[in-house]
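Look for subunit A in each of the two complexes below; its partner is subunit B in the first and subunit C in the second.
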Partner chain A sequence: MNEKRKNSTRSGSNFKWVGEVTPRPDGVDKVTGRARYGDDLKLPGMLHARVLRSPHAHAKIVSIDTSKASALEGVKGVVTYRDIPDHPLATPPYPPIIQDFHDLSRNVMARDKVLYDGHAVAAVAATSEAVAREAIKLIQVKYETLPHVLDPFEATLSDAPILHEYQFTEGADPDTSKPSNTFRTLSGERGNLVQGFSEADVIIEREFSSQPVHQGFIEPMACVASASEDGSVELWTSTQGHFVARGLLSKLLNLEISKLRVTASEIGGGFGAKTTIYGEPVAIRLSQKTGRPVRMTFTRSEVFRATGPAAGSRCRIKVGIKSDGTITAGDAEIWYQAGAFKGAPVGRALDTFFSPYNIKHIRAAAHDVCVNRPKVAAYRAPGAPMATWAMEAVLNEAADVIGIDPIDLRLRNAVKEGDTSLKGTKHGRIGLIEVLEATKNHAHYTAPLGRNEGRGFAVGYWLHGGGLSSASVILQDDGTVNVATGSPDIGGSRSSMRAMAAEELGIDVKLIKPIIADTGSLPYSYQTAGSRTTYATGMAVVNAARDVIDRLRALAATKWDIGVKDVRWDDGHAIPADKYEGEISPLSLKELAEVAMKMGGAIAGHSEINASGQGAAFCAQLVDVCVDPETGRVTPIRHTVIEDVGRAISPDYVEGQMQGGAVQGIGWALNEEYIYNENAQLQNTGFLDYRMPVASDVPMIDTVIVEVPNPNHPYGVRGVGEPPLVSAPAAVANAVENAIGTTMSHLPLTPPKILRAIGETIPEAAE
Partner chain B sequence: MDYHAPESIHAAISLLVNAEGDARVLAGGTDVLVQLREEMIEPNHLIDIKNIAETRNISICAKEVRVGAAVTGAELGEHPKVKALWPGVVEAVGLIGSHQIQSRATMGGNLCNASPAADSVPALIAADGKVVIAGPNGERKISIEDFLIAPGKTALAIGEFVVALALPIPPTRTADAYLRFIPRTEMDIAVVSAGSAITLDEDGKCTHARLAVGAVAPTARLVKSASGILVDGLLDDDRLEQLAQATSAVCEPIDDKRGTVAFRTQVAGVLACRAVKLAWQRAMERDI
Partner chain C sequence: MSKHFVSAIVNGDEVEFRCDSGETLLDVLRTKLYLTGTKNGCGTGDCGACTVLMNGRAINSCLVLGAECSDMSIETIEGMAVGGELHPLQQKFLDHAALQCGVCTPGILNMAKALLKENSNPSETEVRFGLAGNLCRCTGYDKIVRAVMDAAAEMRARRT
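== the complex of A and B ==
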């Protein structure tokens, strides 16, 4: 790891803990198995829940008879849609990310129709898992099957089966009285496209498609709910945001926020999929009905069939470029599969297509289309990888046509501080040029390639999240410190929070224990998503630590009977002003902790913020692959990720994020896809046949950490987690194209597709 | 469901014959336990054969190698003599699952699960392996090809179970190889596979050849014409081309989640040639 970091362009710093690799705060418990995940909580009298799921992709529910299941010995409770409150449809104007409780209620438990294979229809709570399994088989559901549609483009055609009779395309022009699978189209435009394309020497136009992909978290959704007769509810769940889960649950189930206490378990990955709720409301209702704690753990098959993948897509893109490499115009349109309910990441697609480049004339449109698949959920830079792939593929082709180096092409058009994106974001200090230069200067870029090998390049953009975060820094009377945040630790936030607190307080990280507080113990914090946690929650931790320092300075001032302005804080000590030199000795944080308990009381610092200024970040990737010309099999052989991270607080975790995003992108590009049969039933509901890369499928992913500090954060942090996935599928696909010498426009690039593209004897009808 | 762990062949047969309802034999359990958990099977009796000595031994006599039905992949992989005699068979078994699975999975179980994509099967057919079956009427020994009837279906009669697999002691200058195609490197199921055993004479000419392909038909198939193409000849491009065509010609695959008809048919030919080349090269390296 240290060997690799020699490559980095990290700026030197005088920090003691920020930027250092320290032992993981969660390491020992994860290695020994002591860490408690969603399924690990066991309460006295706890029941086991199982869900009955639809075998049909689209059907009316005629009747549900649960009487036989209820009568089975050991069954304590059954719920159906009748137990989940209904809510009215959301009304315009719609926010960029819609949270519609009408849809959420129906996704949690099918109401009048089932809309995908695996849609929940009923659930039971029983004294054992075996009884619960037996019981759901006794539930009799009568269905009236309906035709289904899986492809987002086909779903927009006039003869497509309609999922929701109540859904009319928002802002359709001309207005329509016919229900539609298209919920809305978002679009944006600036400049004059006709003029832009007329200025171009080369115009490249292509179409692309991609399949839905699974986030691939290892821990299935799991929770334990315990409802009291007094109306309060405790919930333990594997989630990326327990405050967000509490908000969704309290509104969905009509619970008072203060009475619903949610604790985030240790989490075995989420990648965006655990930013919403699935089993939690059902477990709570079963607990309320039975008066007993209820555990609900999804099987892997349930995770695949019924929780959110990333949207599949169809895309058209047209880009105009001058022979000197100046991009004159861009026009893109994308159709996203929302799944059974609206909510595909259309806004993000619009913001992604052209944002790394300063282009005068651009237009982008994105359609949010319902199909008979599980509702999409966030996946690491939602909506961005597919749009980025289209744009980057076209730019690589353009570079080839006009004979310019692909990185020089990007450098010529790269956005800088002061430029504005299509969405209207005015960039602050950003590091795209630094990332491109580091990529161009990397030995990988010019290394020789062997037979059947190809090299790919792509760069990606992502606008990070900010938002609400809270933190408490609590000084204990022995001089040790707890740092409490409301952000579940998925990518190493505890380590970064600890490092920033140690840096501020001037104490060893060993004296700090970071924890994730439950929803009753800390004010609201948004979820760990949007690469926001180290930025926003980190800022709250820095504030809270400075709050502690202020209180310690005041305490020292009182003890010394001098003015607080005459006490400064340095290297873990309260230090009196120079004029008291020799008269008053400094007091360490540990000494002050003891003093506090005898004087004014315990010391803690708090911060509640709504962070902004997080800005954008860029990530480039270089990928080499080898393609077997006889089988179409792709072997990734070299991969380098170059990302501007602002400042790496915990460099080992930062590298992990860069590598993880790259690996997910390799899977997305090469082999991952949902395979449905003719009845739209999912065929690959496990990791055996949903072909995510395993460790031996990927080469060592080299990382280059570029640090262009973000001036809006006390330590210069930018988001890190998402950009590496944004550009990965594009870079991998580009490498395959380069190896086989032909364009590839339909992900995943499976061996049959590659073999067919190579033009061997395989007949066209094959797929 | 009742679990039984008999300690003799006789006791196992008696349990199988007298079982009320459905009985399932368990060796490593890497298929059976998964099928139980996924509720694909719901037997009344589970009969674990791991405590029967004959299923746990590897024995080598003048005529054959016998590998007990409950010998694990890890044990087989560390058996230097079997590895030296039939490297392709050992490699095929070694491809099943992960390291962890290898410590439980057995060649006998892989065969009895009767998946068209089972890794050990094309290698066993190429090596001309036999199945040793115990039953109420005593022991019988049949070829792998005759043992496998259809996906999930074998020639085992009621009361019978597989005790061991028998491989012949190979003639001089014989070697085998097994290759499979998966889009990943491991933890996957063969999309297409090929096993081959080649015997060469002193001049490097082929005297005996067997080739079998997997995952391209309801059961693994012996490519009968391979012998005619390869025997009495040296390995040249013309013969390999004929071999690829002959292999593709015996394929009757299906389109499913793991691959397509066209892909499987074409790549079966590619793998057949690669497996033959590898077996040939290994045979060349053997002492005359």
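== the complex of A and C ==
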């Protein structure tokens, strides 16, 4: 085992708490079983809900008869699409989340058609889980099956079955008169491709494909809804954003926002999939109909069939390079499976292909295509990993062809401050060059390889999220502090919020207890998603702490009867100006907390912001794999992640994000995929057959934290969570290519594909 | 349908419960004994989140029936810390940041406890294979493996 790593290039700092390892505030509850997740809330009289799901990939619903289920002893309520309000096409999107409520209503509960295996059709609430399970079997649904389509490219052909008769391609050229499975094609171009390719000495053109993969969080979706006769609703749910959930639910179900109070439970992983709603509206309707609290917890099979996944893809890419390594042109096109409703991450794909590089002539297009699969949800850097894989694979091949070191090739073309991405983002201070240099200087890059081993390299780009965040910093009368945010803590963000508040206030982290406030207790906060929380919510916490300090300075000034300008804050104390030295003694935060209760009242600081300026981040990975030529099995044996995070507030949890993203990428590249039968029914609906990496599949994951501080954040934060997944599948696939000496273009790289690639005969059982 | 009457020892306490034939130990722990620290990640024995100890052996509580637990001794996560003091494994998981969302943590801690009972000085490979039935999607396992090995060292040191 490697020694605990000390190889980060973290800059020295004068901070006391920021960048230090401190005991995590929610840690003890999580190692003792106390922490309460979505399914851990029990309310008096609580009913248990179950959902009936479609066995068909595409069918008209002719009729639904729920009478037998309703009559079963113990069944208290049944809902179908009739209980979920419909919303007309082109309902204005609900800011700040862009969501088509016509689609959302139909995804929550199928209306006229079922569009994928697992599509919800009806639900019951009963006195026990067992009765609820029995009851859904008694619901009779008559279907008229329709032809289905699973592949995003096939879905665009003229004879493909059409999922939505009302959907016409936005911006289609030239024909928009016929309904289409393509919701829209986004494209962008700059320069002159013909000129760019004519300047190239080497042109490489390849095609790629990938299968949908699931976010694979361990805690299934779970919530408890409790509706009151007065129209108010309380909801406890496992979500990445309870304010967003509230917004979606209030609009979907016509509830007043102030009467819908949502509490975020502890969340057992989300990775993007818990940024939307699934069972919550159904649980609320069942609770409204029965007058009792209703628990809705999905089974693992429901999670696979009806939530997530990330889009599968088809992609083609063409890149031109001069023999000195200058990239002259790039042209890429990707077809993403949106699933049953539009919403594939096409914008991010477009922004990802060429963004690490300064290329004059580029064009990219991305198609958002509906197919008979569950509607895709965000998955850690949505849209980026597959586009990155295509570009990085081609660059690695080009480096081989022209005989240049692959990192030197990137360095020659790397984007810098002042460069502009295809989407139009003008970069501020960014750290790609620092990341590439740290990678090249790492011992891993030149370590010798053994027989059947190969090394892969890739770099990824992600434009972090900013957006709406709120925070309150509440000084309690004993001098301890609560920091309240509206951002669910998925991977240790409470630690970082606490560290930043402690740094500002000048007190020990032990005196600060961070909490996640419910939607009635704090203004709007966007989701924990897009690597935005430490940046945006952290900024709100810093602002709120500074607000507390301003109030404490004012309080001290009043008490001392001097001007507030003559009071400064330092190391947890209000300190009078030098001219009062000897006359007035400083007051500590704890002393001022007591003073406040006798003078002007309790002290708290607040901040509500719409953060911007988060900027871009880059993550490189080095991966060694060993390929068994007899079985085709690929074993990752060494893995290093190098990322510019701006500043690591909680370095141990920053490393954890880098390691976790890397291993998700290993799974994406080697094992994970949705497998359907000829009727488009999902075949691998459990963890045994949807094989995510286990501890014995992977090596230690080394990390190098690069810190090029972001000038727009008080502590230089960029973000960390998404980039490690952006470049991981590309690096793993590249390592396999290097080990077997041939290109691999279809993920996952399963043993049969490897054996075929190296010309081995494949045993029948492996096919 | 008649119910089974079961008396068992859970975390050292005598408990009695009634359950249906189809109810699993996981159901009983979570819904009858309100010990919700044991998590349900799949219900099919694939993820290990519901791992508890049964007469000292690590089992998936979703694959054991409540009715099978008569006179058995069950240890859950709620019983791991004793008298307000964390078990070395719990402490090392905190020290090494070996958890992120924390939902797999109770199962992994129980599995590691059983592993260290069998093998007080496991290699990295032995820890990895010992925990191969417990899925974690957040951490990539690195810090979990380090925490278990460090806890093993600490437990060995305490014994000598």
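The criterion applied here is as follows: the second predicted complex is superposed on the first by the 748 of 767 C-alpha atoms of A that agree within 3 Å, B and C clash if a C-alpha of one lies under 4 Å from a C-alpha of the other, contacts with A are read in each partner's own complex, and residues count from 1 in each chain.
We adopt the following convention: a contact is a pair of C-beta atoms (placed from the backbone, for glycine too) under 8 Å apart; a residue touches a chain by one contact, two chains touch by 3 or more.
Everything numeric here is computed off the predicted structure, so don't read it as measured data.
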Inset, instruction - Based on the superposed arrangement, let me know which partner A:Lys68 touches: subunit B (first), subunit C (second), both, or neither? - result: neither
Inset, instruction - In the overlay, answer first, second, both or neither for which of subunit B and subunit C A:Lys510 touches. - result: neither
Legend entry - Touched partner set for A:Ala35, first subunit B, second subunit C, both or neither: second
Inset, instruction - Tell me which partner A:Lys416 touches in the superposition: subunit B (first), subunit C (second), both or neither. - result: neither
Inset, instruction - Please work out whether A:Lys579 is in contact with subunit B alone, subunit C alone, both, or neither, and reply first, second, both or neither. - result: neither
Inset, instruction - Using the touch definition from the top, say if A:Ser696 reaches subunit B (first), subunit C (second), both or neither. - result: both
Inset, instruction - Using the touch definition from the top, say if A:Asn671 reaches subunit B (first), subunit C (second), both or neither. - result: first
Inset, instruction - Using the touch definition from the top, say if A:Leu688 reaches subunit B (first), subunit C (second), both or neither. - result: both
Inset, instruction - Identify the partner contact of A:Lys60: answer first if only subunit B is touched, second if only subunit C is, both if each is, neither if none is. - result: neither
Inset, instruction - May I ask you to name which of subunit B and subunit C touches more residues of subunit A? - result: C
Inset, instruction - Could you list which residues of subunit A make contact with subunit B in one structure and with subunit C in the other? - result: 687-688, 693-694, 696-697
Inset, instruction - Using the touch rule from the top, collect the residues of subunit A that touch subunit C in their complex. - result: 1, 4, 21, 23-24, 26-28, 30-37, 39-40, 42, 129-130, 215-220, 266-271, 297, 299-300, 490-492, 652-653, 655-657, 659-664, 686-688, 692-698, 700-701
Legend entry - subunit A-facing residues of subunit B, complex: 38-39, 181, 183-189, 191, 256-263, 266-267, 270
Legend entry - Interface residues, subunit A side, partner subunit B - complex: 133, 301, 630-634, 670-671, 675, 683-684, 687-689, 691, 693-694, 696-697, 750-752, 755, 760-763, 765-767
Inset, instruction - Provide the residue numbers of subunit C that touch subunit A in the complex, in ascending order. - result: 20, 22, 27, 30-31, 34-44, 46-47, 49, 76-78, 80-81, 86, 90, 93-94, 96-97, 99-106, 109, 124-125, 127-129, 131-146, 149
